[in-house]
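A short write-up of the structure that comes next.
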Amino acid sequence: MSNPLRDMEKPDAIFCIGTNMTEAHPVAAMRIKKALRRGAKLIVADPRKIPLAKKADVFLQLRVGTDVALLGAMAHVIVREGLVDENFIAKRTENFAALGEHLKEFTPEWAETITGVPAKDIEQAAIWYGEAANGAIFYTLGITEHICGVDNVQSLCNLVLLTGHIGREGTGINPMRGQNNVQGAGDCGALPNNYPGFQPVTDPANQAKFREAWGVEVDIEEGWTKVRALDECGKKIHAFLICGENTVVSDADRAHCEHALRSLDHMVVIDIFRTETADLADVILPATAWAETDGVFTNTERRPQRVRAAVPPPGVAKPDWWIIAQIAKRLGAPGFDYESPKEVFNELCELSPTYHGLDWDLVAEGRHHWPVPEKGHAGTPVLHIGEFPRGRGLFMTPSYRDPAETIDDDYPVWLTTGRRLAHYHTRTMTGRSVGTEYLVPEELVEVHPDDVADWGLEDGEFAVMSSRRGEVMVKVEATDKSPRGTVFCSFSFSEVPINALTGSGYDPITDTAELKVCPVRIERATTSV
Amino acid sequence: MSSDGSSNGSSNGSPTLTLDGKVVPFETGETLYEVARRHTSDVPTLCYDERLEAFGACRLCVVEIEGFRSPVASCTTHAAHGMNVQTKTEKLEKHRKTLMELVCSENPRGVEIDPMRGHASQEMTDLAQRYAVDGTRFEGAQSGQSHPDDPNPMILRDYDHCISCYRCVRVCAEQEGDYAISIANRGFQTQITTEFNGFLKGSECTFCGQCVQTCPTGALADNRALQHTREPGEVELTRSICPFCGVGCSVDIMSKGDKLVGVRPAMDGPANEGALCVKGQFGWEWVQHPERLKNPMVRKDGVLVEASWDEALDRAAEGFRRVRDTHGRHAIYGVASGRAPHESAFSVQKFIRAGFGTNQIDNCSRA
Amino acid sequence: MAHINPSGDQELIERWRDQPASLLPLLHAFHDRDGYLSDDALRAVASGLRIPIADLYGTVTFYHHFARVKGGKARPRVCDGPVCKLQGCDELIVGLDGATAMPCAGRCDGPIPVLQDDEVLIGTQPGALTAAPPLVPPPNPGGIDECVFAEVRDPRRKTLAGYRESGGYRALSRAVREMTPEQVLDVVSGSGLTGRGGASFPTALKWRAVREAGGGPKTVVCNADEGEPGCFQDRVLMDLDPHAILEGMTLAAFATGATRGFIYLRYEYPATQGVLETAIEEARAAELLGTSVLGTELTFDIHVRRGAGAYICGEETSLLNSLEGKHPFPRNRPPYPVTNGFEGTPTAVNNVETLASVPPIVDRGAEWYAGLGAGEHKGTKIISLSGDVARPGNYEVPIGIPLKTVLYDWAGGAPEGRTVQAVTMAGLSGGFLGAEDIEEATLDEPSMRARGSLLGAGGVMVFDDSRDMVEIARQAMSFFAHESCGKCFPCRIGTQRLTERLAGVAGPKEPELWKAEVEDIGRTMAAVSACGLGVAAPGITGSLMRLFPEQVDAHVNGQRK
């Protein structure tokens, strides 16, 4: 996030797109509700009538996968209505002329034909966001889990650059990170292209730095993304170390995923439960869990905070860092003589420019937002004040593309996937807690009541949902949360392995799977399970 | 009739008032309660939660201001320059005792409130002790009506202990923004209710538990934690961060000995300021679930069987060595977790990069 | 249900959604249509007005008169106020099919009122209820000059034409054409007019504060909630002289700069709503209300909003919350309504009688009005007299006149063969006065306050020597307990505990301990309650113990008859 969470109470206009925030990031959503009580305008764009939509001043219920068209049209209106921040554009951006040209065809009327959102609502949203003294954008996977995820993000950046809603309190472009430490995993360099602190692996200076720090030869090329690696299993990839991820259930196209992992020569899983993925491993190593482990998480607002052990782990479970160090040492790798998580974290701080001013003790109370370039630095709650990392902000000109697969006679229904308030990811945790399980004991596919009738389904009865990749049985819930022609399901229940269906395509740049769009067919189940 | 009694600043810089005989400075906009709390005195209250708008229900925080006919509630009165305020006169203490006698008279007497019920659950008991009130004076009808029938396993609605301070209703509206609960009826018949007096599930309630944590009597209680009442030992709190989403709410983990017994929001958590959602508040029981992996396992003859650390680690290392030796360093791939702490992700990437000399590493952010 | 054309939910919502203070009228629309408020109706209203459903549910249960079961609205509600108790309301409740009690309904000068659907019947026997006539005040027994009652006995006064014939709207035309708002404020200030709703706050001071407050639109609210037991003067004014109130409000608007007006009318006066609405229609048609009052710049319109049964909604900040559709708890003050009133904007809340006094004052001058008072006191006040008195009714009296003059000379004192044991003042809020006080007191605030009492809204209920004063006190306290909003601890619990002690169902059995408890509770309630209700309620027990210690002792000792 470019701005801290507390800033969410401060904008005059809030634009939430592709984020079911009240369910996925509930405590952040609280702050938005406070802003609304203060009189802020809320614009919500989502294919589904999510809870936040009920609180919106304008709700843009767009067809799945048409964000580029919607956002382009908003930019079009902002330019047309003269709501651009000319000073900001002149001083801090480039390529505005090209954008202006590019946006000409993105009229709201055209966008209405693509997105299904009334042109006047698009105009209203654009005007509110454009006019606001402080406008802020929030998004999550609803923007990125598309073949055009990068285009979507660029389209949002265009809105920000046009209006100058960045680099100040109560503004910004704010992706909300899903998992507790997914931000931290990236910060730590668990990426094929970056060392810790987002230092590109292809930069010779960085290579030299790590060569020296670790006393080993380092690779000079980027690695592959996990998606690519799974494609290469049994071909060019033969061993996997998977740490705390239930890949088989959480990733797109389950059949493909399982097949890939089965074709490995060697697979080691470090986890706390025997997940569907662990079942495929050659070696399972039991890890300590939250409440049993000392360490650091970094949240979505770039705030590193300490987690602490309160109870002992079961059996002989050990912290991840210890387990990995043991394997490394057996392989003769140098630099794994850690005695404590503190040493590991301090090494990270040493090597990462964004954490350089931090250490184990300094993050004890979580007072900093990174980057913290040197000791004594107070942290950086708001990014992009005065300058962007690349200098000037660059307007990009993404064009609208259809999703990887579109509906047809065989698969006439759009399926979109997401999360539910009471559950988390693949339910390894929430499914084993009484309260959360009480709230949502089973998965249901949400279908508009009229579609339920039209398609011969029945509320509360099983249906068979199939895509080009697989099929699942799932109970139907009639609800007008879903628009007609679009259905929703979460991927949390292994009984309803929804990712057996997904996997129609991937963003060409990030390899992020298009989990938000998948054409399916739904029929009433003939036999129940 | 002045528009509001807020300060009008002294001629030279920050305004001051006299608090129990001492001249103290304050900031414009502060209430007398805030000023008093900052400067020593322990003005009692039951309806105050600093995150909420001052409400003025319990009247325990009344103070005397020179020139005012009656005491005023300090939580709803703005400090003004030159005020002469007394917080602890005999008269005030007598009113407070009477108020405590009144409020203790509406609840079952002599009941111990387990501190595991919630963060603020001891406030009422503590004040009753401070004013030496046992609930026997002013006997009469009881006001609360519990909802023992609500089948939700998270929030116990034990309204027999309710004192109608409305902190729960206000936290739900002002803090959580859900407006799931409200106030039914009036006067002594007042009850805390959901829409049509139904169960919490099916209402707008999201089970964030904030009502539980602000309740000063334990009338709303953490029913997961209460399952461990009989567990021996004292409750210990360990400050940590919620393990679920990227908001990173600060929590206090509650444990008794080796047993995890609950979670509580940290009121001073920077990301959450005392708030949690249902996952963070009630979704912790998986940690000590019997299905947790307790021992390493290795595949033998196609079957996963338990093994010692040495055996498992040897097997793990041996496999990587074999693959490296036969297929080269780029044939090994590491997937770090987006849930484990930094030390895990950092170790995985270092293992891959420094251990094999490849950048074949990713984390689960793409799913 | 007498409605021929039942409208659909959506129609009702459309009708009200964009109106000011829309929640109450929309709820009434459903209540009237269906004869109760069903769950579905509440859901429709909640989503139509975007109010959280739990809040709406809670708020609806706050009001006594919103029925939540089918057919509930039509069930008879019988007044069980202190005076109706004397007339045997308890038997009437038992005798009437499906009847329940309601707190004092403002007709203490006649037979027991029974509210059935939207009709008020009166009587004492189940089979013999008749329609309630408007009660015209008797000619002033003192023969003194009157202000608000001067013309009300003329039946034509109710219509715009009749009102104008007897001098109505003369003050307004003069004000808007020839005077500045400042001049109007000066006249009202010079007249010495203070609030007649209970608090006696100088009216001109309040108006000036609204005039000078920043922000807007500004609002004038006529407080017609008249919930105080034993008070019924506002109803008479509204029924007989509606235009006087409209004119008074318009003058207030002119003086304060307000553009919108509300009359918050208590539920128990259904016929009055029609009277007021007809008068407003007439006034609008004659350009006395609207965007250009009497062809001038002045813009002002008035909306009637019907309450739903809650005494506390007469308290001005609770009233504002009720208008706004919020839970009707009183607000913390400051800030006061004059700066932060309706929807947070500057608002003058004034009582019916206060507002009705304004046109004659502006018309005839400050000095004339000030001179109506007795001695150094200024102006007049209507006293609602009821109970054990020969000629109950409303009397407009010079402020400062001896209580005994009104009680004995004007109203004839206690019935044949009886003597006056006690009277209540300010309805119930002033507690009891005993024989000695009655001899000496004059009807003005200084005299009353010196006796620990209040003139307040002017209700005086008389109890003769046959009455059990502990029982009267119990009724009074149980009214306060019933009407306590429940916001603050001392009143919510205190009114309950005092009621229990007066009823003898709880509390010490030893007089000294009993009195110590009752005194402690009362002292704390009076000192620290959040609004006037809790402050005033213990006046009942305080004066009871002071005036009738033997009756109290007998009660505690279980020797009460």
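All chains are identified by letter, namely A, B and C, in their written order; residue positions are counted from 1 within each chain.
FYI, a contact is a pair of C-beta atoms (placed from the backbone, for glycine too) under 8 Å apart; a residue touches a chain by one contact, two chains touch by 3 or more.
Please read these numbers as outputs of a predicted model, since none were measured by experiment.
Contacts between chains trace an open chain of neighbours here, each touching only the next in line.
The most central chain, judged by the distance from its Cα centroid to the centroid of all protein Cα atoms shown, is B. The distance from the centre of subunit A to the centre of subunit B, each centre being the mean of the chain's C-alpha atoms, comes to 28 Å. Averaged C-alpha coordinates put the centre of subunit A at 60 Å from the centre of subunit C. Between the Cα centres of subunit B and subunit C there is a gap of 44 Å. Listing the residues of subunit B that touch subunit A in their complex gives 152-154, 174-177, 201, 206-208, 224, 236, 238-250, 253, 255, 258-260, 270-272, 275-280, 282-289, 291-299, 304, 309, 312-317, 319-324, 326-327, 329-355, 357-367. For subunit C in complex with subunit B, the residues that touch the partner chain are 39, 42, 52-59, 61-62, 201, 205-206, 209, 213, 310, 312, 327, 332, 334-336, 338-340, 481-490, 492-497, 500, 505-507, 517, 520-521, 523-524, 526-530, 535.
Taken in their complex, subunit B has these residues touching subunit C: 1-5, 46, 54-60, 62, 70-71, 73, 76, 78, 94-95, 98-99, 101-103, 105-106, 137-141, 143, 163-164, 173, 179-190, 193-197, 203-204.
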